[in-house]
Amino acid sequence: MATGSDAGLMGMSRASYLRLLGFFLAPAVIIYSVFSIYPLLATIFSSLYLRQIDGTYVFNGLGNFVTLLTDTTWSVSFWNAMKNNFVFFLIHMGVQNPIGIALAALLSLPQLKFRAAYRTLIFMPTMLSVVIIGFTWQLILSPLWGISKMLLQAVGMGAFFAPLLGQESTALITVSLISVWQFVGIPMILIYTALLAIPDELADAATVDGLTQFQTFFFVKLPLVIPAIGLVSVLTFVNNFNAFDLIYAMKGALAGPNFSSDIMGTLFYRTFFGNQLQLGDASMGSTIATMMFLIILLGVMVYLFVIQRRIQRYSF
Amino acid sequence: MNLRQQASAFAVHAVLLAYTALALAPIILVIMNSFKERKAIFGAPLQLPSPSTFSLIGYDKVFGDSAIASYYINSITVTGGTIFFTLLFGSMAAWALAEYKFRFNTFLAIFLAIGIMVPIRLGSVALIQLIAQLNLINTLTALILVYVAQNIPLAVFILSEFMGQIPKDLREAARCDGLSEYNIFFHIILPLLRPALATVAVFTMIPVWNDLWFPLLLAPARGKQTITLGIQQFLGQYITDWNSVLSALATAIIPVLILYVIFSRQLIRGLTSGAVK
Amino acid sequence: MSEVKIENLCKAYGPVEVLKNIDLTVEDGSFVVLVGPSGCGKSTLLRSIAGLEPITAGNISIGGRQVNDLPPAQRQIAMVFQSYALYPHKNVYDNMAFGLKFARTPKAEIDQRVSEAARILQLEHLLKRRPRELSGGQRQRVAIGRAIVRKPQVFLFDEPLSNLDAALRINTRVEIAKLHKLLKATIVYVTHDQVEAMTLADKIVVMNNGRVEQTGKPLDLYYNPANMFVAGFIGSPAMNFVAAKMTQKNQLDCGAGMKINLPLPPACKVGDKVTLGCRPEHIQFAAEGKIQLKGNVDILERLGEIGYAHVSLPNGQSIVAQITGDPKVGNGAPVSLALSPTHIHIFGEDGSVCSAAAR
């Protein structure tokens, strides 16, 4: 609650009021503007310029975007990364979030023993660096070590063993599932929190009405945590279209085999810094970053103005 | 408890235990095998190290690379610096936005909120040029500045929520007691904000400690790597030396696990208190 | 001299006026209670005196000094908040000493003032405790102690008893009254509870909708309310109101054949719509008396020594009469009520009193 007006606080001159505001706001606003907002705007801005052979930049309007989307030197990798990124996102939505909801549902059961222990342990992988997780799984799936083969043989499915990370057909799905494995804790905790906020009386009322625990969850609790599921979805979207570390750590900047696990983040990195196959290109790098920005912005907007508005919120 | 309830409780625990095992197995596997000799790693990867298979050869290699200590120091410096300035500047801004009325209040709040949703990474092209112009390439300062900028929006958001829970009467009592606005913030608000600050610190700490992107872009030089980048480069270098690779992974995992065990209650409480909505 | 003088004070949030032309003098050493329903502006008025709310127009002076633009700390006031507003991270001693420390008061003097306040309030054994280790009543006393050590010209109390349970509230009320006598302090006290107002105040200010409805000594307000609002607000249970019309000189028609003869103030003319007011304690079950109403008992509330009868009148209105002992009447039984003629109030159509009761 603010106590003063624009003119200042009681008994304080306008100058010292402004000094007060400056003291508290300036450090955060300056650092944030200079190192976050400015680079973002400057990157979008530089996507409108084209690098010449002599190293100078000329204004190119939306030319870079036309190139990126239509010139086959760029568009093939762009659309490939885009498609892969959507697959990456859909696997998270289809696997990570349902598992997260299911775990949250189990954790929120009344009188569950060892609740805190389960919660803490299942959340643990989320804490670790994506790089570490990537390497760990690389080792586990490696045919050299053979652990995965051994495990499959133990359950009589040895024939299904394959170098999952090394095949074009399975690399992206495998990497996506590893990411799901790591981050399932986030939807679990957020939905668990939302479930806890539902008053016990509501579940009791449903029990009195003759619903089983299963029915109570599906018909009473789940509809009430839809806002949390909406939030989880938009967080997943933003994180997925911003992902980079896992693919880079497991498959390198080339996102092999044959770019089959290439997503927007790795494409951006490769384009901006260059690699064995091409020189770094700041203009096209900015263009890809701007596309990523627009995709994320679109996702957030859809969430804020379409999904969130339609979601009925309840207060208890 | 009747039979049916017992059965369903059993099923619930079976599912949760199975998932917990799935979550922990890869981590345990790495740590376990990092203490074994090469033959045992490949011969019996699922067995605990025994006196006959126990070996620290991988750790000798990892710690023999004298850089590992500097990775840790760099990571601690960057994470610590980021947490300190994020909390200080974030809480100051949150206080001003929550407490004072001025023309651009709402605008500033929305301006800061943009950073919660839009990843700063997307500005990397211009950011790297900016850092170069400032002569900060390959410095930890650059990382701290970028991470503070990255974490301030969420910090302001969470701290504003908590700030709203501090009773208005308390601030007014302090005004009646003759405290200046600065003293109200530093002597009343900041001490009362301690639980919220701890939550924000944990939220800030984890992504910063684990980040690969900005160390790779801004401070990749030898001697300036953080632990995540250092381990990543070490792994790339010794990819065929399984003892070293496993030990390096375990070296990176274990401190985080210890911190997690210490702070997990804080973290989970922060997450479940509805701080993030 | 620590008189508080408020002249023509106005306060608006944008177009919403919350205080309208308030004039009020709080004499040196007096205990003034601002009372009214929630949202009436009494807390805003108190906070304006404290300097926690800027005012839109008018003047506030404390001890002869105009304080309109001074920050709270420079007004020589001390405030006791409804929630006590104790600093949770400081112990009792530091809570009381906090403001003095920032005013750079010498350590010895702080010690002396805090121990003096602690002695008065019997807090000596609690000085090292944190607020959360104290009971509600103890916290309340610390909050008062924090005010005392500042040696203010005026104490401001914002509903200080409303967070206490009923028994403690009565105790603390008595403590505050004693403290006022002991310190001879000037006090402005806000409450929504008219019993607190009646028992504590030298002067009561009844507020409603941002205006002062009436100012006066407690019993003056009780016996001579200036309007229907004050009449209804002061006294418990509330005064009964019966709508009536003056049909002849000195006769009121309450509808449904109920006619009352009584001398009416000259201001009333034949044909005026008026409201007749009479407190439950001035209505008895009695078949004789100058002013009679008949009705049926809806319900009897027996509280012991006294009780209250809710009676329906033939015109559909319901009134409450105080009963003593245990009258043997069942629900629905017809009764006759006698209204004490000297305690009847007549209010005009605008709600203001036509004349004080002809006592």
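Each chain carries a letter (A, B and C) given by its place in the written order, and its residues are counted from 1.
The working rule: a contact is a pair of C-beta atoms (placed from the backbone, for glycine too) under 8 Å apart; a residue touches a chain by one contact, two chains touch by 3 or more.
Note that this is a predicted model, so its numbers are computed, not measured.
Two chains share more touching C-beta pairs than any other pair, namely A-B.
With every chain reduced to the mean of its CA atoms, the largest distance from subunit A is reached by C. Spacing of subunit B relative to subunit C, judged by their CA centroids, is 56 angstrom. Rounded to whole angstrom units, the spacing between the C-alpha centres of subunit A and subunit C is 59.
Between the Cα centres of subunit A and subunit B there is a gap of 16 Å.
Residue positions of subunit C touching 2 or more other chains: 51-52, 71-72, 74. Counting partner chains per residue, subunit B has residues 172 touching two or more of them.
Within subunit A, residues 3-5, 9 each touch two or more of the remaining chains.
Listing the residues of subunit C that touch subunit B in their complex gives 47, 50-52, 71-74, 77-79, 81-89, 98-99, 102-103, 146, 150.
Note for the complex: subunit C touches subunit A at residues 51-54, 69-72, 74. Partner subunit B is touched in their complex by these residues of subunit A: 1-6, 9, 17, 20-21, 23-25, 27-29, 31-32, 34-43, 45-46, 99, 103, 106-107, 109, 112-114, 116, 118-125, 127-133, 135-137, 139-140, 144-147, 150, 181, 184, 189-190, 192-193, 196-197, 213, 231, 238, 242, 244-245, 248-249, 265, 268, 272, 282, 285-286, 289-290, 292-293, 296-297, 300.
Subunit B meets subunit A in the complex at residues 8, 12-13, 15-16, 19-20, 22-24, 26-27, 29-30, 41-42, 45-46, 85, 88-90, 92-93, 95-97, 99-103, 105, 108, 111-112, 114-115, 117-127, 129-130, 145-146, 148-150, 152-153, 156, 168, 171-172, 181-182, 185, 206, 209-213, 228, 231-232, 235, 242, 245-246, 249, 252-253, 256-257, 260, 264, 268, 271-272, 274, 276-277.
Against subunit C, the residues of subunit B that register as touching in their complex are 167, 169-170, 172-180, 183, 188, 191-192.
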